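Below are two complexes that have subunit A in common, paired first with subunit B and then with subunit C.
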Partner chain A sequence: MTNKALPYLLLTPAILFLLVFFLYPFVQIAVLAFAGPEGFTLSHFQRMTSHWKFGTALANTLILTAIIVPVQLALALSMASIVTRLKTGRSTILYIFAIPLGLSDLAAGIIWLAIFEQSGFLNSLLVGLGLVERPVLFLGYQNIGWIFAAVIIAEIWRATAIMMVILVSGMGIIPKEYYEAAEVFGASRWQRFRKVTLPMLRPSLQTALILRTIAAFEVFAVVVALGGTTLPVLMGETYQWQFSLRDRSVAASYALVILAISIAATLVFLRLLRVPKEAKI
Partner chain B sequence: MAEIVIKNVAKSFGAFQALHALDMAIADQEFMVLLGASGCGKTTLLRIIAGLETPTQGEVWIGGRRVDHLPPRQRGISMVFQNYAVFPHLTVFENIAFGLRMQKMGQPEVERRVRRTAELMHIEQLLERYSGQLSGGQRQRVAVARALAMEPDVILMDEPLSNLDALLRLEMRAELKGVLAESKTTTIYVTHDQVEAMSLADRISVMNGGKIVQNDSPVEIYRNPAARFVGSFIGNPPMNFIPAKRTDNGRWAVAGLELDGPRTERELIEFAIRPEDVFPGEEGFVADVRVVEPLGAHTLVTCDVAGKPFRAVLESDRRVSPGETLKLMPAASRIRWFDLDTQTAIPA
Partner chain C sequence: MSSAPVAANIEDRPRPVGDAGRAGQFVFVAAIILLCAWILVPLYLLFVNTLSSPAEVTGFPKSGLPSFSMGSVQFFLSFSGVGQALWNSLLVAVLTMVFSILLGAPAGYALSRFEFPGKEIFRLLVVMTRAFPLPLLALPLAVMFIRTGLDDTALGLALVHTVLALPFAVLITFSLFAGIPVELEEAAWTLGCNRLQAFIKVILPLVLPGIVASAVFAFTISWNEVFAASVLTIENRTLTAFLVQNLNVSPLHLKFAGGTALVLPALIFIFAVRKYLFAMWGIANR
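And now, the complex of A and B:
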């Protein structure tokens, strides 16, 4: 056996594992979504799209993502810029920021439910301060705007740190000399951020955005905890069709829709933030 | 007009004193080289002048304006970095234009300046490339062009040639000298390479341990080192030193020879001579030849004089072999003397 073959040989179990437990279920789901009694069919997709909740779920998911991801990006960039500049206490602060990452999304949803529900912390505070006379029903079905806001806040609280951690490590590998050169040649702090940090951070931005956007398309537990079924999202509908309505084919169709928009978003980010080979460090 | 004045500038990093209260004046359009071994504080001084480092005390004046509280961009300087710092995500054109764009200069003027400096540095055919497609020498040219395009009053250079191979360094050195003389800027150039310093400088400041040891023209630094350190640092090989014992007023015993020297009360001082200033003959230091290195034009001979290594540069047509004993006579006008306590030169 040559030395060249060894790394491939060592990787084989992992590759097989991935193929068996990813590719096989994937093929199964595709079969579920497209197969009918007479072979290939789009009837499951028609059933999915003709249901009144599909459009709302798709729209809600996309709107949530379109708000959460940019806000998280802005927050993560500013936090990472500040943390990178720290001389002492940097890792302590990183650890503190990373605490929400240790929680499951359901736990995060429940924490924010404890804040927003009728007998929750927020209401106790408002009543205690005399700002309202009796507790407000924030998360009722009439208050879809509040549920939206609560989900957005919970998601930002829960998952901004992962972006920040990726960006901090990305900023760490930009050589200091580039900033000094930019400074000497007249760039203000903001210009250094725009002309040096952002372009040189593209690989990390790519990773962070792809990870967060895909996760945002899959938002589920936080929505369930805070809104039940009042705020339909794609992942929630997948769950509903699979376990409540017992139609695995429609659930599989939903899963494929999520997969499709995830792939589309990934391609967009790969394209937008591409670093040409000759422009690499 | 951009003369630079450094007044009482010191810098410490925690307990480490990198610079000890320096004073220095650099005339308009002068080419000043800061020369010293690594860790002597030369780069720190340059960075303080650039505004990339804040001095612990003291003042920096450029063109009659106090600048030590100003950010780098308000000091009228530009800089060439040791690792070039050519932005990888910008083309050569945009790299050279970087500072001009920051000044919101109009596109026609940017084009004009970039083309002109690119031609000056012979990189006009590379303007559309990225730094990843350039060799080290080409990146160096981009870095210099970027500095020149600003048409600054002052150019600061931090070991700009140290990452190039020997041949390229020689070529760039001559080119830099020509280009900078033409641009009429005041230049401060940091290097640890004494040959580079000698060949480029109007004036050299030799630094050691955060202090300026000598500040003079290259020839003066070479011929009349103000301190033992300068003699032992400058010159390849550097000066030879031999202890000298007083025998009479103005007479000194040096490794078996009795020589005329300074009239001082001290009993023990140091004799110093450059390796090329000793000549083999009938009389002189008794030198046992250890190693012979033919260098073409000259032959470098390492011998033992009074039990200490002593280097001599001899004409290469003279055949010398290891084991031989030579008599080496120092040229009287080239002998220098140093005080053992203060480590400074004693006038003869």
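And now, the complex of A and C:
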């Protein structure tokens, strides 16, 4: 066996697998969404957009993402800075911060359900402190705002860890000399963070933001656990059309919408946080 | 140095602890404690509910202390379908683990050891999978699986979960192999090993812990996945799919015990692979 053929041989299984189970299904989604009895049709899309829940689901998903991702970015930056500064107990703190990384969104939803449900811990605390007379129904359908808040808190709790891990490894490869040089020139801590850490962290910030934003568009199990179908989101509607309404084509149309906003977000972050080739470490 | 201004957001700066002022030190420690509590308290409360009797779980107000009654756990374990769901979850996760390593490790090795035309295209394909909402793959695959008889089987779902886990397996194994000097392999070749022997005798023992870590990560991805599992399984539900399907109808103590069943393996696994968390992002741990 020649050395020329070997890498291709090693890659073949993975490539074949991705072709069959990654590229082909995406073609199929488009076929499902656009194919009608007489060829190309937009009727599935029209059916999707004319349903009253579509606008709400799209708006809810976008608003949730717009609130969750920036908060997570700030929190993840703080956590990563803390971990980077730590000398003792670094691995313990890092493990605790990283715990949610291993948890499913469904588990996170159930965990925060224990806190927000009517006989839950938040109500126990509020009544115990005498702040409210009797338990509040946070997650009822007349309390969309509270369901919204609960979903946001649960998502921030669960998914900040992934950003933090990416940022910690990004901070680890910033050369110490840059900080020393900045210090020599009298830069304050905040200035060093602004002028050294943030610019040098661009590639990691890009990865973290892309991963998290796409995942935020896919929010599903947390919403189902905390609000049932009271709070429509895109992924939840996809599931509803696939199962309750048994229309695969409309479900595929929803999938394409999620795909479209994911690609749009990825392109925006790639452009915003572009790293010039010569500036790479 | 101690005259440095102390702001509330002092933890924002990656500097050694030593040159923070006393007040800065206090804010720093307080921030760590707060953040740890933010992560740990909700988990603790889930465990409290799981270790309480069903009556206590629905009761009000709650004390926040577990009564160590096994009522909820027993109810969960004896609930119809739970045993099967646990078994299915385990089966799918193990299959995902095996597939993603068998497919990913050779690719990671090829990427780390060879320069060849098309390398960048493959890397792009792998990175691209991260930019797509992968659980949606389940929708068209549901149709394909019905045609091929893979619908509602552990194998079918494991294949979809492998798409989720494969990019990570490739990236982790890539950084593992890249961390081992090629000279070690070359030394083995000069001593008469062929490429395969050198790999098995020299490289494999060195990367095995990392491979195990990436396998564990694949397991966790599959164990936690909700959407594809709910779409692709009907009779053979995994634990996540089972819980989602029954969320509306199941009593609270079933949900909480189910949540704990989801959380516990993940906690152990993340602890087991904590050293490799950083290798997963293709960047060496420093």
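Just so it is clear, the second predicted complex is superposed on the first by the 280 of 281 C-alpha atoms of A that agree within 3 Å, B and C clash if a C-alpha of one lies under 4 Å from a C-alpha of the other, contacts with A are read in each partner's own complex, and residues count from 1 in each chain.
To be clear about the criterion, a residue touches a chain if its C-beta (ideal position, glycine included) is under 8 Å from a C-beta of that chain, and two chains touch if they have at least 3 such contacts.
Bear in mind that the values here come from a model prediction, so they are computed numbers and not experimental data.
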{"item": "Subunit A as common anchor, with subunit B and subunit C clashing or fitting", "value": "fit"}
{"item": "Subunit B versus subunit C as contact partner of A:147, first or second or both or neither", "value": "neither"}
{"item": "Which of subunit B and subunit C A:180 touches, first, second, both or neither", "value": "first"}
{"item": "Which superposed partner A:211 touches (first subunit B, second subunit C, both, neither)", "value": "second"}
{"item": "Superposition-derived comparison: subunit B or subunit C, residues of subunit A touched", "value": "C"}
{"item": "Subunit B versus subunit C as contact partner of A:103, first or second or both or neither", "value": "second"}
{"item": "Partner chain(s) touched by A:64 [first = subunit B, second = subunit C, both, neither]", "value": "neither"}
{"item": "Partner chain in contact with A:266 - subunit B first, subunit C second, else both or neither", "value": "second"}
{"item": "First, second, both or neither for A:228, with subunit B first and subunit C second", "value": "second"}
{"item": "Computed vertex angle (subunit A) for partners subunit B and subunit C, CA, steps of 10°", "value": "80"}
{"item": "After superposition on chain A, the shortest CA separation from subunit B to subunit C (Å)", "value": "5"}
{"item": "Subunit B and subunit C contact sites that coincide on subunit A, given as residue numbers", "value": "188"}
{"item": "Subunit C to subunit A touching residues, read off their complex", "value": "4-5, 7, 9-17, 28, 31-32, 35-36, 38-40, 42-43, 45-46, 49, 58-64, 102-104, 106-107, 109-110, 113-114, 116, 118-119, 122, 125-126, 129-137, 139-144, 159-160, 162-163, 166, 170, 195, 220, 223-227, 230-231, 240, 243-244, 247-248, 252, 255-256, 258-259, 262-263, 266-267, 269-271, 274, 277-278, 280-281, 283-286"}
{"item": "Interface residues, subunit A side, partner subunit B - complex", "value": "175, 177-178, 180-188, 191, 195-196, 199-200, 202, 275-281"}
{"item": "Of subunit A, residues touching subunit C in the complex", "value": "3-4, 6-8, 10-11, 13-15, 17-18, 21-22, 24-26, 28-29, 31-32, 77-82, 84-87, 91, 93-107, 110-115, 117-121, 123-124, 127-128, 135, 157, 165-166, 168-173, 179, 188-190, 192-193, 197, 204, 207, 210-211, 214, 217-218, 220-221, 224-225, 228, 235, 238-239, 242-243, 248, 251-252, 255, 258-259, 262-263, 266"}
{"item": "Touch list for subunit B against partner subunit A, complex", "value": "50-52, 71-73, 77-79, 81-83, 85, 87-90, 98-99, 102-103, 129-130, 132-133, 146, 150"}
